Amino acid sequence: MEVTATDDRTVTLPTARFQAVRAQTDALAKDLSSEDACVQSMDDTSPTKWHLAHTTWFFETFVLAALVKNYAPFDPNYCFLFNSYYHTIGEHFARPHRGLLTRPSLAAIRDYRAHIDNQIVRLIESGLDQTITRLIELGLHHEQQHQELMLMDIKHLFSCNPTYPAYIQPAEVSVREAPRLSYREYDGGTVPLGADAIGFSFDNERPRHETLLQSFALASRPATNQEYLDFIRDGGYNAPLVWLADGWTTIQKNNWRTPLYWREIDGNWFEFTLAGLRPLDLDAPVTHVSYYEADAYARWANARLATEVEWETAASELFVEGNFVETGRLHPQPSGTVAAQLPSQMFGDVWEWTMSPYTPYPGFLIPPNAIGEYNGKFMSGQMVLRGGCCISPVNHLRSTYRNFFYPHNRWQFGGIRLARNA
Amino acid sequence: MEVTATDDRTVTLPTARFQAVRAQTDALAKDLSSEDACVQSMDDTSPTKWHLAHTTWFFETFVLAALVKNYAPFDPNYCFLFNSYYHTIGEHFARPHRGLLTRPSLAAIRDYRAHIDNQIVRLIESGLDQTITRLIELGLHHEQQHQELMLMDIKHLFSCNPTYPAYIQPAEVSVREAPRLSYREYDGGTVPLGADAIGFSFDNERPRHETLLQSFALASRPATNQEYLDFIRDGGYNAPLVWLADGWTTIQKNNWRTPLYWREIDGNWFEFTLAGLRPLDLDAPVTHVSYYEADAYARWANARLATEVEWETAASELFVEGNFVETGRLHPQPSGTVAAQLPSQMFGDVWEWTMSPYTPYPGFLIPPNAIGEYNGKFMSGQMVLRGGCCISPVNHLRSTYRNFFYPHNRWQFGGIRLARNA
Amino acid sequence: MEVTATDDRTVTLPTARFQAVRAQTDALAKDLSSEDACVQSMDDTSPTKWHLAHTTWFFETFVLAALVKNYAPFDPNYCFLFNSYYHTIGEHFARPHRGLLTRPSLAAIRDYRAHIDNQIVRLIESGLDQTITRLIELGLHHEQQHQELMLMDIKHLFSCNPTYPAYIQPAEVSVREAPRLSYREYDGGTVPLGADAIGFSFDNERPRHETLLQSFALASRPATNQEYLDFIRDGGYNAPLVWLADGWTTIQKNNWRTPLYWREIDGNWFEFTLAGLRPLDLDAPVTHVSYYEADAYARWANARLATEVEWETAASELFVEGNFVETGRLHPQPSGTVAAQLPSQMFGDVWEWTMSPYTPYPGFLIPPNAIGEYNGKFMSGQMVLRGGCCISPVNHLRSTYRNFFYPHNRWQFGGIRLARNA
Amino acid sequence: MEVTATDDRTVTLPTARFQAVRAQTDALAKDLSSEDACVQSMDDTSPTKWHLAHTTWFFETFVLAALVKNYAPFDPNYCFLFNSYYHTIGEHFARPHRGLLTRPSLAAIRDYRAHIDNQIVRLIESGLDQTITRLIELGLHHEQQHQELMLMDIKHLFSCNPTYPAYIQPAEVSVREAPRLSYREYDGGTVPLGADAIGFSFDNERPRHETLLQSFALASRPATNQEYLDFIRDGGYNAPLVWLADGWTTIQKNNWRTPLYWREIDGNWFEFTLAGLRPLDLDAPVTHVSYYEADAYARWANARLATEVEWETAASELFVEGNFVETGRLHPQPSGTVAAQLPSQMFGDVWEWTMSPYTPYPGFLIPPNAIGEYNGKFMSGQMVLRGGCCISPVNHLRSTYRNFFYPHNRWQFGGIRLARNA
């Protein structure tokens, strides 16, 4: 387990923390029908039911089965059905087929969750050694990742339904106007990158290390829908020179002309949201753009995206606060008043694409067993996003947190913050 | 409407007939969860919920909306969502996306059925003219087709689940042995083909016309699993000379080496059935083979498949009786005692692939409106199958009935009856 | 060999006949560069060099290797490289890779041809038994088929070059106007179909047999470019109701809106021909349409395509004469004066799509060895075309000749003759 | 033009240098037939003829057309046909269709080269300003890149031919044994990365900048075929845990089990080379592996690949010397005696995959016009390779040179040098 290698924190895990995270997952799925929870709308997504089961399978497999002598699995089929990509554990069920599992039912999966929760709680209360405590802690962060995936995936599923169902009731319409865009300047120098040993962090955030940074400037807020619409109207999608070669190929092949969930109806722009189809808020941050679109927009705007180290340097001065899942809005909001000299909305609202490919930090060693498959094996072909979004749990995030998606992915809440050479 | 052109029968439609067919559809779906009813397992299939709604949409659109002045649709979205391929009526929802409709719910669709049923019953009881009566009759035959599709599609869905769920409880195992295969000889001459004006028939069965037939011989029963296993063990799937060129390409590309639902486990053969995974009954007719496999098997066996006219000539002497959906077995059974000189199992058990492409009969004219899209536009690239199968309603069939599938389709209960030149 | 089964003609084969056919193949390739002769423009086509080699391989394999004791092949690699689809003979080189064979060179293949020709001529002059004589006769008809394929394939290759090279110099422009379309009526009755034993015929034309025919009417000439343009301008490609379901899918998927080689440039219509890009001759027969397009056009025109037996019945009264490869025009020409009561251009100009799927005639038995692979194994999924075209050799054709292509194929000279029920 | 922005060198360009590079291209194509030079074997490759024309088009478009008043193009079609991906210049001919251009002929393209060469030479001799001189210098480096591509592409084409043609005569077999693998250690610190302003460099090598490097160790030589065979025999291709997730998917989908050109024949290993199919030299560096395979091999070997900065730091101490195209062997050779403390074969033999994604250096700005499309737009999804290979021109390389390919690409001479944390 990678924890032992680099993690000498002492961790305590109150039952309440475990129960709160698990209950939040259930709460997110509460209003979905068993039909909603069963269907998979594309290869990249998973059904809600699968998320509910897979996060539970994690605790059953890595905690109970590892710890309890002669552990009898809740259902032996589940080991196979709800493994995601842990090759060490055994053959996994092909990802694009997850949506075909009408059995076990949603009700059965809820029983599964309750059953495993009971056992884990009993285990916690019986007193745990540090290794297991850290494993459960990892499982809870893993579960929080899946909470966000659940909402992303439900949004995509509902967007495929011509009746545009709403997952939540729409909030009142924002009347905030986006403040004027400006740039904050940062000096270069030797700066740290990555997480230290104080709190929890994923293996991919470690080791914390020094890096040389050049001076740069960072936009005061993310790009808005209005600004992105300007890009579209200026012919951005028809201008090969602002696109990466792979980006140009991708938008031609998929016939992309707007962000994923935009719809033009009778000359007016709408956006599919978790509250259904809503008029596009021009002052809100643009979202559901691919890396290619973010990069092209930046080039069109005579700017670029930030690097990881630039982003983290700026973010390290800020509190982790903003529009997260706890606000209940589940959609990016226009920036409020902006504190002088500090960039706003670095956390929450939209994940910000960086120009940094997702690679291991110097000294990162992929641990040798199943948990080791956690992050390292995805370190090719993906780009880093930073800061969390409107459907992330606030206590899941930190300034060193690295999210990653393929440059063509759009169903996550990816947004754009511009940067410049100083 | 094609009925007027070629149909001068007087049709009466008792309420009970309407209700019986509609109730049978509901009964078939009764034990499915809303999850089972929502998911689509491949492009060719549809969810049960979609079948339930689409058959209802047929009555709403072609009867109620056509007849009732200022008819207010049950839900305007349904016109779009549950149209199948009737271009005249309006844009239809792309077939491969039917499984993404988690809304409307199964419960809502059941309400829809009840609502439309009420109105149709009221209409029937108010007295109908012949045109509408015939339309409803057509709608009921259309519904019976979808009853069979529902079972085919559920079987395919469940087969994708590694836990192999059962749609029904398995019946006791048959102990019948398949009788020895022999051939019945038939004289050639001028014979009729197609349906006359006595009872209901689809447009594609008409007009009845004379055709010249050469003498032929027809197998006394369908090919069995044992016989097909002999073909496999003799290297049938590795012998290009017994295959049509398209067939050889198809089995290579899809890596087919057995019928669709066969599974070899530890050296024993099993078959996925609507009663779950069961040991392969070697005496039962082989089923879920493509046309290519049926044709290759026949060539390997020094025989051929029958033509439509050969099949119909032989079948016209027989009663429509056998193993249909009403037996509740929902799987082909071994042949019983065979009446001297008559082929057995011509009806029921398995649809028998003929070597006849699905083409219009001489004089068939595709009618000019939406109902006209019913059959004619599928008359390319498909092959005719005859006789019905173990999941067909018995009163849906007749000796002139023409079913049709693409030569690569396997999820219907397609089987093999050999024929020979006399 | 299928000849023995059904062929008791006595065949004589003068050396001159062999040499003439072989020389014609060489002549067709004479003006092509070795580059032209090497490249393959799509999976369906083959390079000229491959045609030159494969037709030679046929004689080497089926005649020399079968007849000459201890025959030493010209080059052992050729057995593998230039086999087309004769599984009996051995593994064949994947069709889509034929264009990768830059070696052996065109010059080497020309040597190969000369070498095998010498040996075959010596063999003929030494006196042959009937079996071998018939095999060589078959090889020559096989070669004539490839002569036509060579021109089809070169046309397709050149059409992919933005500079639109010409294979021949353009002829003077025709000034003929297409005569008015009328219909000739034919009585029904019992009529023969297929080839008798008098001259050469392919196995798929046999056995000649009786069939029952209903009265019908046949168009006096093929549909013209003007008429097809009317169909386009009337929205034919946007009217789902006139299309077969597979046809509608095909034109959407491939975005077809005109025949294969039409190009609209600044509002004027051009057509790519073997003489380069030429203004579209509105009076000439439309060509390079798929079966789907032919069928849709016919439905739009309130007509249908003819069946094989209808076409053959009408054609059997006519001489095989018209615009074939020998005219050197290599493109369909407008119809000339039309003899009263006889349809014109039944032979030559364009292959006429029939509505008959390509199936075996009653009693046709696929012969058991390699030559048996000749035709039978293609009898699925394809449609019959009749009459030959402007690039067919005239002495290759007859009224019973059956050509066949998939309904989506367009690179052959497929055209449209309308028919009607009488 | 990016040169002006960052390049204040004074460049002189003797006619002889221009002629030498151009003549070398012609020499590489000399023994190819016009057929060899015309065919394209996959989407990633281009025909030799296209390389010959495109490199000429570069000089015609960016030098002659830009400089000569009222310049009349050699052939206006060539602007369109031989543009590669310069969107600024105009629509380009789709890459996968390059192999369909049988016209213009190879002879015509040779004329084109001679014609343009004459004009450029006259221009050089008439005296050039610095901007044009630098453009021609860029064109010559561009041409050298295409010299390498030509050989890569010819090798791939010939490998598709079952007769395995040889581009050159095989050299005598090497008898060198690979020296034992050891590691050289390097201290960390602040080190430079990238090219200074002394000699020519591409835009992607600039600006030279400081970076923080941790201590590391680098393998004394590339991994050999013997070592890679050990990986294969140890089940490397069946061990998901040593693969990146994308790598595992790639090898499953393509069924990769060895490097690209390995062939096992009767239990012996062979390798397709530019000298034909040759026994695998177990002491030579393994080549034609993808990044995924290089990375998996490294993980299996308890090591990793080097980063760009590690590689460049080690290479900056070495002369650019080794097995390049000038040796005429055109295949990697076993390492010779190894100088103490210095890694061998850093230059030549095989391009060494680094673990660094291909991204812009800090401060790199993509220039705004056509030449600006040169490198920047490929900076996504690709990985950097360093050092040059056995088919690279020696004077094209330097320690700062960055080559880049997609992680799945294998047709370049990609090889493996291991690294470790110190």
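Points worth noting:
Should a chain be cited, it is by its letter among A, B, C and D, assigned in written order, with residues numbered from 1 in that chain.
We adopt the following convention: a contact is a pair of C-beta atoms (placed from the backbone, for glycine too) under 8 Å apart; a residue touches a chain by one contact, two chains touch by 3 or more.
In this text the structure is predicted, and so the values were computed from the model without any measurement.
Averaging Cα atoms per chain gives one point for each, and the point farthest from that of subunit C is the centre of A. Mean C-alpha positions place subunit C and subunit D at a centre distance of 47 Å.
Averaged C-alpha coordinates put the centre of subunit A at 37 Å from the centre of subunit D. Averaged C-alpha coordinates give centres for subunit A and subunit C that are 59 Å from one another. The touch graph of these protein chains is a ring, one cycle where each chain has exactly two neighbours. Interface residues of subunit A, counted against subunit D in their complex, comprise 85, 87-88, 190, 209-212, 214, 240-241, 243-247, 291-292, 295, 299, 307, 355-357, 359-360, 362-363, 365-366, 368, 372-373, 377-381, 407, 421. Residue ranges on subunit A touching subunit B, taken from their complex, read 33-39, 41, 77, 80-81, 93, 97, 99-106, 157, 160-163, 165.
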